[in-house]
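Listed next: structures, encoded as structure tokens.
Same chain, two partners: subunit A is paired with subunit B first, then with subunit C.
Moving on to the complex of A and B:
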């Protein structure tokens, strides 16, 4: 709170304002003539953003109007033909991928939120060994996708994998986890929950430690049980973090690619096909970068809509706590 | 820390949570343990073996000899250092600019560049009135 005030006074001490650097620090109302010095701070990041984010997005949208093979320089303008093929039911795999991507999102994000919050609540107290637990649960978050896919590929091995052995020991028969369309996507859900729950736990731990202790004290004096305190204090108080993590999770779910691709390549029979995998397959395996760009644009639109909705929710959640 | 002291009373009551946490911790460590186990087996048929016999460091030696592991580590380190440095410098500059100056398009910058990191509402009342 004090820092902006200091900036204002410094501007007053220098009445001769001849550079745009100090021009905007005068206590002028919102509308000013000179470019705000804020732009100078933002400009480097904005330049990187323009080159590595904005330009590729524009280029992707542009190539979605073309039909080409990605190798020859010949590009044929086809207008909205790619979109017609994609949305018009001509490509059943696209809709399969949309369904899977949405299913992926609505299953894995709540799972990660629930496990993450649960772990955080359990590990916030003075539990013996909580540092060890936190480290263990956070560990998957620092592993690379290839390593994760490799390890879980072994676990789901239909003959010797641990998951198969456990199932056999429990009286079941062998199970081709990743080759069976019914189980493949659920196996991948499990890997995703395993991977990100620890990260969510860490964010929730930070949020829980921001909660004023006296809330718990007075609740305890009032005779609230452990469960009531968790349910009535912790959960509402960490709501902004929940919404933020939902945003992270949804964006992450839409972008999920490597682990699923290495585990199943979107198979069997497109059972684990995600939009991101479709984009890769169309662009590189089927040599249709134009069509892949159209799918990428659809994914971008989906992400943007979700992000805007969740950002609105974030301001709502912040207000609800204050 | 004081919060640890206040919640120490609850430590005994929390002990039951080991019942939930221990199996989960095992599940969380399992893939990593299997990875290490696999790294210490030579033949593919042996990868799934869990017996303590037949463990060998041959793979690790082979990796060190046959690939330029050091080079890869150096590459990873260089990429990591460079990108983290760039992110910290560019991000903190932009973050300062967006937090301390209110200007036309600043909200737009917040939303498009880094929507998630602007989780506290960008238009906080205390700042704009100063």
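Moving on to the complex of A and C:
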């Protein structure tokens, strides 16, 4: 009698045929399992990740437990002292920078999403010259930060800036946008929204063009208005892209540095201080890389929490569209 | 770190399984991460101290290429002329200059000096900058004595060598030579612009306010202030506080006085008052000093700017500047005590502002230093450059573009009036305030306090208490 053939399968292995044996004969040799070469394929990427991501993160966290000036080789272990100073109110500007960074995120990211989506919806139609418009709106995203900062610095110039002149022409007395703590951060928000909305528009355009056209046709036949079609079809269908762009936007907002630094240097009176600027100032102006590393670690934790939440949202958004 | 990977159950010897690769990757990543960390741990003991004895110099048999790092090297064509003058004086050395914008220079030094990849000769500021890098620099006092004689220190403008000595802890050797020395915080005025508001330099705060108001009505500016850059702000505070108590800011930084001293509070309150009284260009805290604020003066749109001998090169940009421009001191502050520090020793003031005028500041804005880890022939070349730059010949050669630290040297091309004004500046040095801070933390804290008071209407005493705390931390 012959026993049935049994197939053993592991998730990561080839099926193994277990041949039945008869009395007195040696069991047939198992076929040699070939290991998956997958890990070999990813090994270079892992090595790059280890050197350029994992190591700097570990080194930064480690540095945050030291007090040193970044010049002398002497490093003094201070344990959690940098964190105590940072979180315990001894640094008067840390919490201001945290507030500004969060404010930056909750203001600029929705603004970029809304403007980007609005532009995409407008430019998805049969608008004359839409390619030109798309190029114009996208252009700020490819300009260098320094160029943007200097250009907007001139626009906001309190004497001869375009923004000042427009206000004057409208009967106002001009506004020192970047000199007033009340307006400086909003001016910087505006620059950020202007810069990235075109990029978001491009992503949204791609997402909108993936929406089946028959959905719009059906809605049109049912008498849905343009606004209803946008609200009931476009917005839900691009939800995965919205969440993805939110993730990009939040990470970008936490990393924002160059434009604000050149535009205001975190001033006036720390009104536009962001965590990234604090890190730079502490490390390079005040020669306190250990303390800067503590702030960087806090920023890393903040970014990681937001990323995890947003990645879960992306899964949810994908499921909801499916 | 050597790691042997042994076969484990479930794997086939001789072939790489997923688990093997994963383990190897993790071990590799761990090694890559851990090795430098362990190496870094080993450096916690302080590393190797730089040699503190005078360097041994060996004249090279051929030509040596020497690299100078600076933020203060002149622009072309003066840069080429200065380089050529040095190479003619010391033909064994070929000079290469790497010039940085100042903020980039600070950043570049931070990594390059400890790693030994910076220039062979470095231009440094006194105060915190020299203090930071002193451990990597060669002592130069013996070399200076050999080159210039036993009285070498007196050949430089009063206080300049002392300022460098004071930049390092007591007992440490002198590690840099004064190359450029400036008297700053002197009001340079444009007589053509002033003429539109009566033609006289301000002799009191009230007069200054009136001049500014008159000029503003004509689309011009009374005085320029680029407060966005922060460094002009501490300059003003040092000057204004000294009206109430000379030397009080330096004393507070040293812990011999408090930053909440009434004199500093009064100086800060006066600085805020100048904003309320609209002495300045619009929105100084949104205006960088360079080019924006100073360009207002250089382009004839402002009556006055706080300059000093460091601005001498600007005099030659257009011929009319030598005749249009003059200089005076900031007039006495309201409620400040009589302080006739000018006495009778200062001569040749072309535009007297008032008795008890505000003291200017002084600084060795460029000191020349050489790295301690150079080879003997490079040390020789480096010292030759320092010796030439700070000697009579080099000082004269560079005087058209910077302010010599040596006594008796002034740039060619000044008219008679400006020769007197130039000498007058250097004479003012005797009563001038120290500009630089020993600790960058103190400077930054003062900058924050000034901005908070001037822009956010914060309480000066509360803000200055924070400066006290920061200064105390820095001294530790």
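Just so it is clear, the second predicted complex is superposed on the first by the 286 of 322 C-alpha atoms of A that agree within 3 Å, B and C clash if a C-alpha of one lies under 4 Å from a C-alpha of the other, contacts with A are read in each partner's own complex, and residues count from 1 in each chain.
By our rule, a residue touches a chain if its C-beta (ideal position, glycine included) is under 8 Å from a C-beta of that chain, and two chains touch if they have at least 3 such contacts.
Computed from a predicted structure; not experimentally measured.
When the two complexes are overlaid on their common chain A, residue A:46 makes contact with subunit B and with subunit C alike. When both complexes are overlaid on chain A, the residue A:92 reaches subunit C alone and has no touch with subunit B.
Looking at the shared chain after the overlay, A:36 reaches both subunit B and subunit C.
Once chain A of one complex is fitted onto chain A of the other, the partner contacts of A:140 are limited to subunit B, with no touch recorded for subunit C. Shared-chain residue A:287: touches subunit C; no touch with subunit B.
Contact with subunit C, but none with subunit B, is seen for A:71 once the two complexes are overlaid on the shared chain.
Contacts of subunit A with subunit B, set against its contacts with subunit C after fitting on chain A, overlap at residues 32, 35-36, 38-40, 46, 49, 157, 159. Across the interface of their complex, subunit A is touched by residues 11-12, 15-18, 20-22, 25, 28-29, 32-33, 36-37, 40, 43-44, 46-48, 106-107, 110, 113-114, 132-133, 135, 227-228, 230, 281-287, 292, 440-441, 444, 448, 451-452, 454-456, 458, 466 of subunit C. Remark: subunit A residues 12, 32-36, 38-40, 43, 46-47, 49-51, 54-55, 58-59, 62, 69-77, 92-93, 156-159, 174, 176-181, 184, 264-265, 267-271, 281, 284-287 touch subunit C in the complex.
Across the complex, subunit B meets subunit A through its residues 3-4, 6-8, 10-11, 13-15, 17-18, 20-21, 24-25, 27-32, 34-35, 38, 47-48, 86, 89-91, 93-94, 96-98, 100-104, 106, 109, 111-113, 115-116, 119-121, 126-127, 130. Only residues 1, 3-5, 7-8, 24, 30, 32, 35-42, 44-46, 48-49, 119, 122-129, 133, 136-137, 139-140, 143, 147-148, 150-152, 154-155, 157, 159-162, 194, 198, 209, 213, 217, 226, 240, 244, 247-248, 251, 307, 311, 314-315, 318-319 of subunit A touch subunit B when the two sit together in their complex.
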